[in-house]
Amino acid sequence: MDYLSIIVLIFSPLIAAALLFSSFFKHNEVRIRRFSKGFASLHFLYTILFLVFFNPLKDGISYYKEITFFGSDWIQPLGLKMAFGLDGLSLLMVILTSFIFLLALIASKSNIKSKHKFYYSMIFLLQTAVLGVFCARDMFLFFMFWELELVPMYFLIGQWGDKKAKASAMKFVLYTFFGSLFMLLGILLLHFYNFATYGNLTGDFSQIAISTPEFPMFMQIVISILLLIGFAVKMPIVPLHTWLPDAHVDAPTPVSMILAAILLKMGAFGIIRFNMQLLPEAFKLIAPVLVIFAIVNIIYTALVAYSQTDLKKIVAYSSISNMGIVLLGLCSLNLIGFSGAVFQMIAHGVISAGLFMLVGIIYIRTKTREIIELGGLGAVMPRLMGFGLILSLAAVGLPLLVGFVGEFLVFLGAFNSDLDIKIYTGLAIFILVLSAAYMLRLLHKTFWANIFEKWQGIKDITNHEFVVLFALILVVGFFGVFPMAIIEIVQPVLTNILQFLQI
Amino acid sequence: MEIDILKTLIFYGFAGAMILFALLSIFAFRILYSLLAAVCVFFAAAGIYFILGADYNAVVQIAIYGIAIPILFVMAIMFTSDKLDKKIYITFKPRFFFSFLGLGVLFLSLIYLIATSLSLNSNSAWILQKQTLFINKYQMFNALSEGFFVNYVFAFELLSLLLLIVVVGISTLNLIKEAKSDE
Amino acid sequence: MNNILNLIFDIGLYHYLFLALILFLIGLFGTIISKNILKVLISVEFMLTAVNINFIAFASFFDNIKLHGFVFSLFYIAIGAVETALALAIFYLMFQAKQSVNTEDYEDGAGERC
Amino acid sequence: MDFLQNITNIMLPEMTIVAFILLQIILSMFLDMKFYKLAKWLTVLGIFLATSLCTKVQIEPIYYGFKNAIISDNYTIFFKGLILISSFLIVFLTKKTISSRRNSAFQFNALILTVILGALTLVSANDFLTMFISMETLGFAMFFLIAFDKGFKSKEATFKYLIISAVASSIFLFGVSYLYGITGHLNFSLIYEYFLEKNPTLLYSMAAIFITCGLTFKLGVIPFANWILDIYEDASTSVVTLLSIVPKVAMFGILARLLVFPLSYSFELTFVLVLIAVVTAIWANVLAIRQKNIKRLLACSSSANAAYVLFTVSLVSVFNLSTVLFYLVAYIFMNIGVFAAVIILESSEFSNKLYEFKNFAYTNPVFTLCFATCILGLAGFPITAGFISKIYLFSAIARSGLVFLPFLIVLMITIVVSVYYYLRVVKFMFEKSDTVESEVIAYKTSSAIVILYCCAAITVVLGIFPSKIIELCQLMAYNI
């Protein structure tokens, strides 16, 4: 639809950020918060409109738009455009982003106690950056938004976080910067080799995708590996994951929600965008190796999560484990696996946001996250226990909840894969029982064991928190029952990738 | 081939003196000896210029490096002499040996490069070419004046401005006032 | 044999080049190892002289019509003299405050200074 | 008449500057101390006039003047413009430096103009003699500027600068003498033409390496970089701003010309320069981690930035040159912005220690925003010019050949290190501390504030709309 502007979609949060940062709002906390929430809900409704008018069967990019400056493109001498567009996958991620940001803003009330103006403007800046990543149709634009996301994240973790927050924020930035420089190198090589083969300077994804099969195979693999390093840091894949637990533990709850639900998905999204759509042949060769990484990711982090005593760390490590499942789905190289991976991305986005919210609520009331100091909270917080139960079961993969569909599809895809990975997959499924173990242990120790005297007086969840959790539970239930609603949207994109892979 | 014995002797005399005094100057215990040796080096250099036919340069060299600069140095030395510690000699840190090693390598490689260029270079002239002294000094001054006032007139003007700026700049250094205000 | 004798005793361009090279390296060596600031300055002068010998030798062997080398060397003598004089003036100012000619007293270099 | 024609065609900006230098000197003899403000405005006027004369469109692509000693093409005009604009901004930052020594205001401004003059002639030099004299003009004026501050610290810095400068120029001239011996010329174009017919020997490469090693001093890269931290710390900040920008820009301008014309036949030189650049990047970035003083940190940062540019300059091609030009444009504004912030802090009685920056974000939000923008620009975060310029620079290196990829990877890893120390500055500003009293910056130097805001704005604007400037850079690079 012509009157839906993707530019407005991406840059309106930036305007909101500027408004908040300027002296327009003074230091009135309530007004700032109301404005933010109102704006975020409007933005969410706007993204829903995009979904309504989206044609899922159309194989290509909808809502395509370029920005020009005084008649020239963004960086004309390098052939780079500021071009945005949505395909099924980006649309899903955009809606998830807008949804989670709205919930995070609602959840901010009880978590953020100081520097409101700065906080909310940073959140909106982050939203622009993330939306830019998902909608960019140009490699360098993608990279720019990818890097831009670091600035607000640095402040969000460092300024409102816990004790070691500044160090964690620095670690987060340095790890991501390290990865993204390799990614930049990969992008530069893509750009250059496209120029060398076709003689036109461009960063457009669809044009690069046409020319990549002409590259020398060795170069394709090198570029693919360079790009993978960048995404692996973000995703994270195991040897490069050490920033994540720290960042999660020290970040305030809303930021943790955003980090787990959206920023980790950027890594997987990047792998689909670059490694699978642009360099399918190289990905086909790398996939068997990546499977090993994925399995290690699943097993190792599940084991680590089991040995943790900090609630937030358990959830953080389980996130890494879940991203391993996504990677396994992507490496299975068939439609079922791909659909499973994308579904798992959405599912984990919703579930992990809920779990972090849960942990945050407990932390606000008890000032501790140590599992041994908690116990029996179910008696005083029955509503929270109900939500916690549903979310944990979803994370474990109970049928009819959203987590089940993703995992089931991924493992089905992996078993049917042309690659000989049945043994690994079996191992992974076996180990996944562990995830049930640590999740149930978390539930048991916090909600059902003997209650300590000091926790007697604490109150159940407030309305704000209820809204957040309830919204998440709705999604968890709905897509658990109607998974095709998601899968239909991304199907064209995935079949398209599959066609390239089959050649 | 006929060898001009006198010229050889003169060259080796000057060159030997130069290297000897340069080494002396660096390894001398007292700064004054060091300066004296340096003056000898400058005079020997002037002699080398004479052999090469650069009379004018030689005269300027003697005037400036033989006389003016040493006087400045002597003033500086007199100014500091009573506070001078004889232990201030040369450093025997690791960097002494490293620099010795590095410069030795540099020396050998440059010797090699010069030697190979001498024999192999297409304008091999380097070894065969005989120095052609000027028939009359008029020719040399003609060339020099053309260099100064035609070819490099811009650089010459710039140099004059530079000297002017040095004078202006030294006035900003505030030699005497500054010293008092520091104490 | 005769050839080698010729090489040694028949004064050619390469004699001057070697002389200049040795003097240059002595100067460089001196700037690095000298502990006395004034000696560092003197060593710099040696390097300058070596460069001048090079220029004059090349000019008188190859370029005796235009004599660019002679001109360059004269320019360099002037610049070098000014540089030395200036260095001594600033040395005078510096010395008044610190009362030392030892390079090590002025050494901070790339280290950390708090 | 030839002389006059040369002047009107190609030397107008330089002659304007010379006229204003002489004017300043004459006024310094006759005017009283209380007219010290006049000096600054005269300088501003001079630079402005020179800039406007500089942008005069060239009718012919290349002019030679003074028997080929001077060259004027679009490339040099671009560099002249760059130098003049950056010094135009820097002149406004000198208020604090002059305030303690008003009786020397005219001399000070004459010296600044001389630095500019030296940079202008250096960029347009076409033979080694003119180049050397321009270099020394620039250098001598710089000595006095560094020594201008009261106290012996600045004298010590000057002495270090002077000695290293003398050694560096000796090494440079040693190389030049060999080049002269091999070819018999001092003129760039003649040396270039000489080797069209004859094969360069190894001695030629050695001479080229000597020449560039001598030049690296002014760039602040490794063989002579040790003292640069002391010099940056001890000299007064506005002078350091000048020192970190004008000589470097001019030196890169002439270095590119050298590498395109007389030194273009040496393959060894490329590798030596690349090695120097990589080693400097490692050295400077690792050193900067430990620095607690913002000026010393900026010294390391400017060294590292010079290394990135040197890397690209050494891989000579027209495209690389255009990226270098854009990098310099971006770097100038970010660097001036950062130094303007440091000057504002100094004039409000803050010391240069990083831990004194605490609470700034809450007491002076706008100042912090601009300062952080410039710092993040230097680190290379997006929507600043630093991001675009780094991408553009690396795209040049990446397309220069696979041989340089390992070096590029090392360079990128050092950039990760640099992000750490740049972010540390920002971190301190956002840190809340109860022990340090929250002080509001006294905006005594309004001109510095304006410069800071302008630079931050330009940094952001260049980061969003770089297209036109990059096109300009490419146009100029094709015209070398």
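In this document, chain identifiers A, B, C and D correspond to the written order of the chains, with residue numbering beginning at 1 in each.
Throughout what follows, a contact is a pair of C-beta atoms (placed from the backbone, for glycine too) under 8 Å apart; a residue touches a chain by one contact, two chains touch by 3 or more.
This is a predicted model, so every value here is computed, not measured.
Note: the chain lying farthest from chain C is A, by mean C-alpha position. Averaged Cα coordinates give chain B a centre that lies 5 Å from the centre of chain C. In whole angstrom, the spacing between the mean C-alpha positions of chain A and chain D is 43. With centres set at the average Cα position, the gap from chain C to chain D is 28 Å. Remark: chain B and chain D have CA centroids separated by 31 Å (rounded to whole angstrom). With touch defined as above, residues shared between interfaces to two or more other chains in chain D number as follows: 129, 132-133, 136, 140, 143, 147, 151-152. Counting partner chains per residue, chain B shows two or more touched chains at residues 110, 114, 151-152, 155, 159, 162, 166, 170, 173, 178, 182. Touching chain pairs in this entry, ordered by label, are A-D, B-C, B-D, C-D. Partner chain A is touched in their complex by these residues of chain D: 322, 361, 376, 381-383, 387-388, 391-392, 394-395, 398-399, 405, 408-409, 412-413, 415-416, 419-420, 423-424, 427, 430-431, 464-468, 470-471, 474. Across the complex, chain B meets chain D through its residues 109-110, 113-114, 116-117, 120-123, 150-155, 158-159, 161-162, 164-166, 168-174, 178, 181-182. Touching chain B in their complex are the following residues of chain C: 6, 9-19, 21-23, 25-30, 32-36, 38-39, 41-43, 45-46, 49, 52-53, 56-57, 59-62, 64-68, 70-71, 73-75, 77-79, 81-82, 84-86, 88-93, 95-97, 99-104. Considering their complex, residues 17, 20, 24, 27-28, 31, 37, 40-41, 44, 47-48, 50-51, 54-55, 57-59, 62-63, 68-69, 71-72, 75-76, 79-80, 82-83, 86-87, 90-91, 93-94, 96-98, 106, 108-110, 112-114 of chain C touch chain D. Chain A meets chain D in the complex at residues 69-70, 72-78, 118, 140, 143-145, 147-148, 150-151, 154-155, 158-159, 166, 170, 173-174, 177-178, 181-182, 184-185, 188-189, 191-192, 195.
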